[in-house]
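Note that the chains are named A, B, C, D, E and F in the order they appear, and that numbering of residues resets to 1 at the start of each chain.
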Amino acid sequence: MLADKLSNKQMVYLTRRERFNAAHKLWVAEWSEEKNIEWFGKCANRNWHGHNYDLYVTVKGKPDPITGFVMDVKDLSRIIKEAIIEKVDHCNLNLDVPFIPIGMQPTTENLAILFWQQLEPHIKGCELHCIKLWETENIYVEYFGE
Amino acid sequence: MLADKLSNKQMVYLTRRERFNAAHKLWVAEWSEEKNIEWFGKCANRNWHGHNYDLYVTVKGKPDPITGFVMDVKDLSRIIKEAIIEKVDHCNLNLDVPFIPIGMQPTTENLAILFWQQLEPHIKGCELHCIKLWETENIYVEYFGE
Amino acid sequence: MLADKLSNKQMVYLTRRERFNAAHKLWVAEWSEEKNIEWFGKCANRNWHGHNYDLYVTVKGKPDPITGFVMDVKDLSRIIKEAIIEKVDHCNLNLDVPFIPIGMQPTTENLAILFWQQLEPHIKGCELHCIKLWETENIYVEYFGE
Amino acid sequence: MLADKLSNKQMVYLTRRERFNAAHKLWVAEWSEEKNIEWFGKCANRNWHGHNYDLYVTVKGKPDPITGFVMDVKDLSRIIKEAIIEKVDHCNLNLDVPFIPIGMQPTTENLAILFWQQLEPHIKGCELHCIKLWETENIYVEYFGE
Amino acid sequence: MLADKLSNKQMVYLTRRERFNAAHKLWVAEWSEEKNIEWFGKCANRNWHGHNYDLYVTVKGKPDPITGFVMDVKDLSRIIKEAIIEKVDHCNLNLDVPFIPIGMQPTTENLAILFWQQLEPHIKGCELHCIKLWETENIYVEYFGE
Amino acid sequence: MLADKLSNKQMVYLTRRERFNAAHKLWVAEWSEEKNIEWFGKCANRNWHGHNYDLYVTVKGKPDPITGFVMDVKDLSRIIKEAIIEKVDHCNLNLDVPFIPIGMQPTTENLAILFWQQLEPHIKGCELHCIKLWETENIYVEYFGE
């Protein structure tokens, strides 16, 4: 059998990148403007700023012995788009996104956790392993559901 | 003389990259919401969206025979920051930037022209040649002052 | 008038990137296998090889005084996809593409010229300026219709 | 002793990138053309398509106290080229590669496992840790021999 | 409470990139020139060579329930600059850096371990997780303090 | 004839990238150390620093009607390596390179002009068009032999 040509150690991690553009600001409603600016600097600009975000989603599983797929990467792309991208792309992360609670800071850290929660129920036949989110070319976070 | 080791054809183009993050939307005040969305799609979202912009500024001139510099690239970096980056970084391009007229669409095209106008008076001893502005990894514009 | 805030020098170059993946080989039918391999090396492998191509299309024009667009970049993307990407993506450039003559080598050089011919009739209201095509991270060509 | 200047915790992961270009298609011989296209879409084009692949190989070990090397990265490069790149570069992954069984789908997942099997016997003095293979800028897999 | 909107699994990994340029050579003082060149090749050139290094520092922790920060990334940037970048940027790694012992090879492997030692005492409120250092686009190492 | 399928406008620009790593410093021998540091800052560090340089060489010409090549890109690669890369890679640009006059500052500007002079005599059958040299991800120069 073909599958025998592979070792029985076959755990593979498959990653798909999607992208979105969004506005946000960091602002704690209970704080004064001075304290917000002291803590968040330019990120507290009341008229918002924004980013091009790069989102990498990793799933893990064994390749199907016939198709060689851990998961059809076109399906993975579609699921990421439906569960996340369509809800955040060209949006205001503080105001427009149903799954981001009003008042929660839309930091890269919090976004990664919330994206996991949105995506995890839709991954079938393999396991969600990592959400990696780049905010700029110099900053990214990773979340593994731990 | 050392300069003789170079040909007398010595026009060199020197480019410096700077970056900024900003929010904007595309919205013509005289148009209905329907018409704005018909023309600008997601870019007309009333709560804004944003981008990481990459700005490449090119100057042209002959290298100084002693220093080998068309222009000190640290000076070029400082001038770009003072004339442009400090005024647009972490800002709302529709609302916050003195040199972007209220009502002018902050498209990448218009930004490139306006950035040239801001920068050009500050370039001494060589010539401003090009403003190149990336809005996403798939879109950029160039403006040569023509 | 808003347009007066810009100088009357307003020629802007707008670029859109699209991507495709394709197979090809370099092989002159009139030559022996030996001569093909002597000239084209590994690129003459009879069972094909392939690339991820990056295509940058540049148009030039003046931004519309209302919209700030040289051309709606979503339209430009759609036109590139219809005229080029849909005909070459996941294809064999020697066998599958109607606008690549049988027997013409699908080199990056020839592709750039042929892509210009496909695209040029569809660009309205501004001018096609450049086709830039990357074959690998180390090789690209540019064609300006000259 | 110099080594004492480092802590005794000295496990370092060293990665080397190599690249290759290849053609392939996804096609299950036992399936009809319709079923192949239904499952694999454009990837089932009978005349092949292709990619620029980026291969990152990671080994782990303690740096030698004299040379500071986990492994001479030039040796690692040579081994990757001999064991993998020379056998797949400018080839057809379905037809030309002795270590890819006929009929096994040359998906990125299966390639990563097969590359590990090829490479692992040649890594001496440290341990193979990861094969990471990019198929496009949006898709990659990782395999850790688990 | 807002924090309840997140799961209680909240371990997030935050990464910041900084860059520096430096000269170095690989040279064992106890060896002859012949042996140095035999082992290190061009890297043993007595007049040095150099690199643009890309340094990625990863910390892990739970986002603060108010600010959404694992750590203020501006603080992380400042700490990396003070502990590492200011001591190595535009320097000679064999001669100029107090924390690199004379005679220790400034390989990417050894640098990663030494950078961890410099940085670790300054990370407060979360944990240093990884030092990732790129020497060229084809070579990087990772060190996790193991 | 096949060539007729292309327009008679067939000027194509072909670019090849090569890379090298080198040490240098900026230092005018006739100046005091103070003046050197005042002008060149960290770049005047007496013990050198270094860079990973990216060199893009562009030639222009009409594709051969049989091969579709402006120039065999493997030949272009070989010529760049022989004329430039082998003389500068892993070298000290102030001390080691015969074609860089002692005392001339090895700025990116001067390097581009000198590289053109080295390369131009070896380009046959088409024309050298541009030398583009990246010193860091934020700085590059271009030289067109003007």
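Just so we're on the same page, a residue touches a chain if its C-beta (ideal position, glycine included) is under 8 Å from a C-beta of that chain, and two chains touch if they have at least 3 such contacts.
From a predicted model like this one, the values you see are computed outputs, not experimental measurements.
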{"item": "Chains in simultaneous contact with subunit B and subunit D", "value": "A, C"}
{"item": "Number of steps on the shortest touching-chain route linking subunit B and subunit C", "value": "1"}
{"item": "Inter-copy rotation, subunit C to subunit E, in degrees (Cα atoms; steps of 5)", "value": "180"}
{"item": "Listed pair (A-D, C-D or E-F) duplicating the B-C contact set, over half by residue number", "value": "A-D"}
{"item": "Copies subunit A and subunit D touch via same or different residues, half shared test", "value": "different"}
{"item": "Longest centre-to-centre distance from subunit F, chain (CA-based)", "value": "A"}
{"item": "Rounded Å distance between subunit A and subunit B, as computed from the means of their C-alpha atoms", "value": "30"}
{"item": "Whole-Å gap between the CA centroids of subunit B and subunit F", "value": "26"}
{"item": "Subunit C: positions in contact with at least two other chains", "value": "137"}
{"item": "In contact (per the touch rule at the top): chain pairs", "value": "A-B, A-D, A-E, B-C, B-F, C-D, C-F, D-E, E-F"}
{"item": "Partner subunit B, residues of subunit F touching it in the complex", "value": "26, 28, 39-41, 101, 103-110, 112-114, 117, 137-146"}
{"item": "Touch list for subunit F against partner subunit E, complex", "value": "19, 21-24, 42-43, 45, 47-52, 89-92, 95-96, 136-137"}
{"item": "Residues of subunit C defined as touching subunit B within the complex", "value": "2, 5-7, 9-18, 58, 63, 66-70, 72-74, 77"}
